[in-house]
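Listed after this line are the structures, all set down as structure tokens.
There are two complexes below, and they share chain A, which is joined by chain B in the first and by chain C in the second.
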Partner chain A sequence: MSAALNQTSDWHPQLATALDTLPGNNIGWLAQRRDKALNQFLELGFPTRKTEAWKYVATHSIAQITPVLSQNAIIDSAQIAQWRLDGCDELVFVDGIYHQSLSSVTDNAGLEIKNLAELLKNSPDETKALLSQLDHKAHDAFDALNQALLRDGAVITIADDALIERPLHCLFVSTNTSKAITPINNWIFAGKNSQCSIVETYIGDDESNSLTSARTNIKLAANSELNHYRCQRESKQAYHLAELQVELARDSRYNAYPIALGGAIARVNVQITLAGQNAECTVNGLYLTKDKQVSDHHIKMHHAVPHCNSNQLFKGVMDGASRAIFNGLILVDKDAQKTQADLSNRNLLLSKLADINTKPELEIYADDVKCSHGATIGQLDEKSIFYLQSRGISREQAEHLLTYAFINDVVNRIKLASLRQKIASLIIGQLPDSEFISELV
Partner chain B sequence: MSSTSEDVQEFVDKQYKHGFITDIETDTIGAGLSEDVIRVISKKKGEPEFMLEWRLKAYRRWLTMSEPTWAQVRFDPIDYQDIIYYSAPKSPGEGPKSLDDVDPKLLETYTKLGIPLLEQQMLAGIAVDAVFDSVSVVTTFKEKLAEAGVVFCPLSEAVHSHPELVKKYLGSVVPTGDNFFSTLNSAVFSDGSFVYIPKGVRCPMELSTYFRINEAKTGQFERTLIIAEEGSHVSYLEGCTAPMRDENQLHAAVVELVILDNAKIKYSTVQNWYPGDENGKGGIYNFVTKRALCAGINSKISWTQVETGSAITWKYPSCVLRGENSVGEFYSVALTNNYQQADTGTKMIHLGKNTRSTIISKGISAGHGENSYRGLVRIAKTAEGARNYTQCDSLLIGDTCAAHTFPYMEVGNPSAQVEHEATTSKISEDQLFYCQQRGITEEDAVSMIVNGFCKSVFKELPMEFAVEAGKLLSVSLEGAVG
Partner chain C sequence: MLSIKDLHVSIDGKPILKGINLEVKAGEVHAIMGPNGSGKSTLSQLLAGRSGYTVDSGSVTYKDQDLLELAPEERSWEGVFLAFQYPVEIPGVNNTYLLRAGLNAIRKHRGEAEINAVDFLKLVREKAKLVELDESFLSRSVNQGFSGGEKKRNEIFQMAVLEPALAILDETDSGLDIDALRIVAEGINKLRNEDRAFILITHYQRLLDYIEPDFVHVLADGQIQRSGDKSLALELEREGYSWLDSDTGSETDAA
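Let's turn to the complex of A and B:
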């Protein structure tokens, strides 16, 4: 433990300097809040193998990061053209900082978009109200670090009764090549009876190697609906540590699609609280790893009140010498009767050097519930391969085709067509025999 | 439901049936633990030097360890200096030669417990190595077993008669420093059973040990070692009851099984120690380490357990599947009522090629009971073609109980096939209504449904146990329904 303490304290001088450069740090309470979080970061120390939630991830490589903030880089529109989504409003952040010139937002009644850096600098009262919405204790050092380095992000408010037809795409581009830290904090408030689709895409240049520390806080008011897509394809040297905290009010519906494709170490920590009766949550997740990637998902589905449903499906494909970790907890409080909660985690292990560590958990304190979880780890079905071979397809091609079929189950659930196509072509492009597969799909 | 409330009250007030204390003189040393105490234990048992060294090594290791805190159980801290580490029933002479030599009061206790020690035993075909507190008093059917070449004796005797086997295998599956409680056990273990099945022998009868904790404040530290040589087969039964006590008693046992080529061990447990009263006062702390090593090819271990007793159960019978094609099975029913807590499950460590394992776990929570399944399935890189199937279901009775599932799956081989399924639900109103509509009372309906829920585990138990287990379950659930 003391060794871990030392490590975080190694970062202290540089971080303290970084804090001074952050927007709004001349405001007393904001500076204090950041300082408090920084102290928490120092106290907690980097998680080690003995920390249950980090049992399978070696954090020492993350600790090699330079504890300075990534700076505003200049890129031109052509560089990100391939990542744009048709038919969407777009907000573009480069190394965590909002770029208005690259963004395009049509006048969308009912959708209010601000950037956090502006708020921090110019509207302390509004910022205070915003931050008071989140009063949580950091559960690990990286979470505390994100709070200490509060810098920029999107603050999205969907008005009551607003039906937003044009999806909003938040594109976060990493270009930093000096192992710096990129903090991002997003807020999404869905008003009563509102409907909206929001896409968060995190992409990185091939050379980028920064640590992206991204947190998204979401609150759904009564009877609102939000489709939330979260696609991560950072470079193979980059670290991506994400927090997603969601709270659902009465009758609201939240559909999440966390898709993790990139990163040297990519971790997504999701906490969903069903806080109002009759709320519904579905999660369709996908993680693909190869080479030496590590992909880690920790999901906590918290049923705090009666009559809520949750349904989760996560699929993973591991190749090369990669490792995937999945931990899905369904927590049902004592009063949360009539809960229905399901979780399914399916994994395909393709290589002898890869591993998968999965732990679906149930923690149930109510009696009138129907909860189940299932996890499978296996390989491609020999019979299916044989069938395809008997139709004149080579064994390799058959294997790749079936692997994509396994993944496609999740991809197909993406409702937003432009995103679905983009993800599909991205995944197929990574597979061998991509031409063959795209011909068939 | 209110119509049955009187019956229910009656059930609730029902006392623990095996709660009586036999008043016999015991040879006890004072409470506390130190190197000297260990020397005394070792000397009293007349152990050879290597055993004393082994114990002391474990004790020194234990001093550096701390109690595990990861389990989903809560209890007041245990004062390890307030425990008596040795207690043996005093008998005239140097030890009983036949049943006549045994303290009559002791025999009376067995009769009360319903252990058929004599003729009944012949009929039942069971050899009982009865453990009364810490020293094995009577061992029957020895001749018949000796004929087959099977060694079935107290471990303290095996230390003298088969030192080479004890030296070779003791601590080979559960090493001395394995975990806090097993290390404590290694330092102070009192006695236990030793079974050796020679090459190619199919044990002619089911072996059984009846454990019973008697002397107040005596920690019971059993240690069982079973070795199945090539091509042998044995079925071992273990059952427990304990008298009523107010203070919590610690039980930290270790069971080690070694299975060589083509051998098979079936290990069944019915555990019904005192669970504490309806307010959660008293009861046994059952912190047990059980592990089987499938060392040979085609070896097989099958654990079956029915856990209805104890205030706290902390138990993970494990299988290390090292031999090619070896098989591990785990069938478990764990019931918690009143304020009982159980954190139990299994570990399947697949090391060898084509190893297979099955886990069927049924947890039932009632009253304020808290039941956790905690399991690990690890497929090592070397375990080509390994296969696992896990199913763990929880049944909730009443709105104050809790059920948890913590399965770890660590897979490092792409040819492995691992499946895990878990469900948690309550007995549905529809099911109850259907039974009641056909004239079955609510209590009977619940009992019937619960028994059905556990059937896939009960059918793995030997006949005698299956009957006992079913009965035990309904007795333990009394008062939980209504």
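Let's turn to the complex of A and C:
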């Protein structure tokens, strides 16, 4: 293409203006923090295809975004009714900004739910201390951009010993149609011996075309358990760049369900650190792409101490001229003896033009570990199609049914029933023969 | 009902069936026996419509239609049923729901209304009992985690629900213990009637102690070498297939 590649510096004037409008910019540490991140953004420059982690994603289209912040939009409760989850407390963010009137939070002993903008306004010093518990250095320009535009998000603290029965649903709605940027920053702190389920859902109006830049930082204290669902179904024009950073203390259990369905380009970068002995992590991921969608998962499972387990399954189905990238690294430090780590990535290509680049990797410095990794790329199984046909099912229906069955294996692992049903019907609804399929699974 | 005439079939250029002739009438039970690799599964899968086979010459007529022109699902709608030698596991697809969809597709083809949920459940329970298939299997994924014997019983169960006109059973008796064999055989016997034909492919004479065939055919090297009544099966039991070697050998030489 002849269009010159954007430089991060092209964005500088507009971003500087945006920063000035951010709430709390009169707070010294916050302004400094944002400025520092902005400088990092300028220094790092947009990743190119030479950047290994971005090798297969054309970032120049993301760079066509307008470097302004999405503004507070008004939406009607009916607009998001279909995305609500029964039996959950709900926090609703519209274009990255918390909407109390759309949210409903019951008094949940042991669960402290705040939104970042309000925290920064009311208790900046405590917020600084809170955020500093889980800090990191931006690893690329988009991550730095997210940090520079720190604005709002959910800040969730689960008290020690709290067993939270009612799941919490954080619903992020994109409505922006002027290619703006929507920054989101979430923090989840799971206290000692606590248990909780949290759902993050990112959805978008059909017309929305913004860049959602969403980072979630999670810290699990000793012996805590967190089920964390992350469902992304933004519009086909939207960009979605997500960062997920998780740290597990000893004996803690983290179960993640990253599900990516939408976006023109959707990227999820996950860094999980097993930092305390006997910590356990399972990840059940799913990505579905069609048309010209690009879906990119980069996962780093870092075993830093001995006696931890991790178990990851990612399934992908690619149709049309879409493309998926999967890069899963299991890193085992020298001291992390007795590590058990599995990673499996299974892909189904439904069309000749669809594509998958998968690269599971092991980097192991300990000598007494059990690790396995594998990736498969396949088409639908002819034997299964024939078997179904021989029972009276047409070939087309058999293909659609088997596609769903492949996906369903992951969907069925979602423990939260209301979410499982929602995801199932959402996915089935996207497939041809949806009515037929829903009768057979 | 079924008429196979001088059927020659090859896979990737390699001849597998080399001139099969077989006439099956409604109400008849035909046993086809033969050594491993003789083409029994090829014949049965070809009849059910599996792709990947090249018909070099010959014809298959079923109920006055060219069977080879029909898609596998159309054959099923027309009453052809294959009990697979190796039933396929299909995780995520419910065993009973699949049957209901299959049955309704068949009924639709016949211009009948869909079966209602209550009647279907009754039917399924009744047929599961026929093959002593525990009801817990009804709600599981198709064949997933079933033992070998359970898979075979599931095939017969499906057959009982779909009520085909022509049932082809490819080594349904293989790998079954004597109790399971008896259950499967009784299930088949109960489904015998004057409108329905069976092709029983088997490796062991043992099955025929329970199911009395009208005809026994010996398939070897892609041809039916001998046909007879059930006494032929007993002869095979005594003498094995060794007598075939010389025959097929000379035949190959001649060809």
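Points worth noting:
In this text, the second predicted complex is superposed on the first by the 435 of 441 C-alpha atoms of A that agree within 3 Å, B and C clash if a C-alpha of one lies under 4 Å from a C-alpha of the other, contacts with A are read in each partner's own complex, and residues count from 1 in each chain.
What we mean here is this: a residue touches a chain if its C-beta (ideal position, glycine included) is under 8 Å from a C-beta of that chain, and two chains touch if they have at least 3 such contacts.
This structure is a prediction, so every number in the text was calculated from the model and none was measured.
Using the contact criterion defined above for the overlaid structures, shared-chain residue A:Asp409 touches chain C, although it does not reach chain B.
In the superposed model, A:Phe386 lies in contact with chain C only, and not with chain B. Within the superposed three-chain model, A:Ala354 lies in touch with chain B and out of touch with chain C [touch as defined at top]. In the superposed pair of complexes, A:Gln245 makes contact with neither chain B nor chain C.
In the superposition on chain A, A:Gln147 contacts neither chain B nor chain C. Shared-chain residue A:Ser394: touches chain C; no touch with chain B.
Set against each other, chain B and chain C differ in how many residues of chain A they touch, and the higher count belongs to B. Once the two complexes are overlaid on the shared chain, A:Phe436 sits against chain C while remaining clear of chain B.
Of the two partner chains placed by superposition, A:Thr212 touches none, neither chain B nor chain C. Contact residues on chain A toward chain C in their complex (touch as defined above): 381-384, 386-395, 401-402, 404-406, 408-409, 412, 436, 439-441.
Residues 70, 379, 381, 394, 396-426 of chain B are the ones that touch chain A when the two sit in their complex. Chain C makes touch with chain A in their complex at residues 48-51, 71-73, 75-77, 81-82, 84, 87-88, 90-94, 97-103, 105-106, 142, 158, 162.
On chain A, the positions that touch chain B within their shared complex are 52, 334, 337, 347, 349-352, 354-379.
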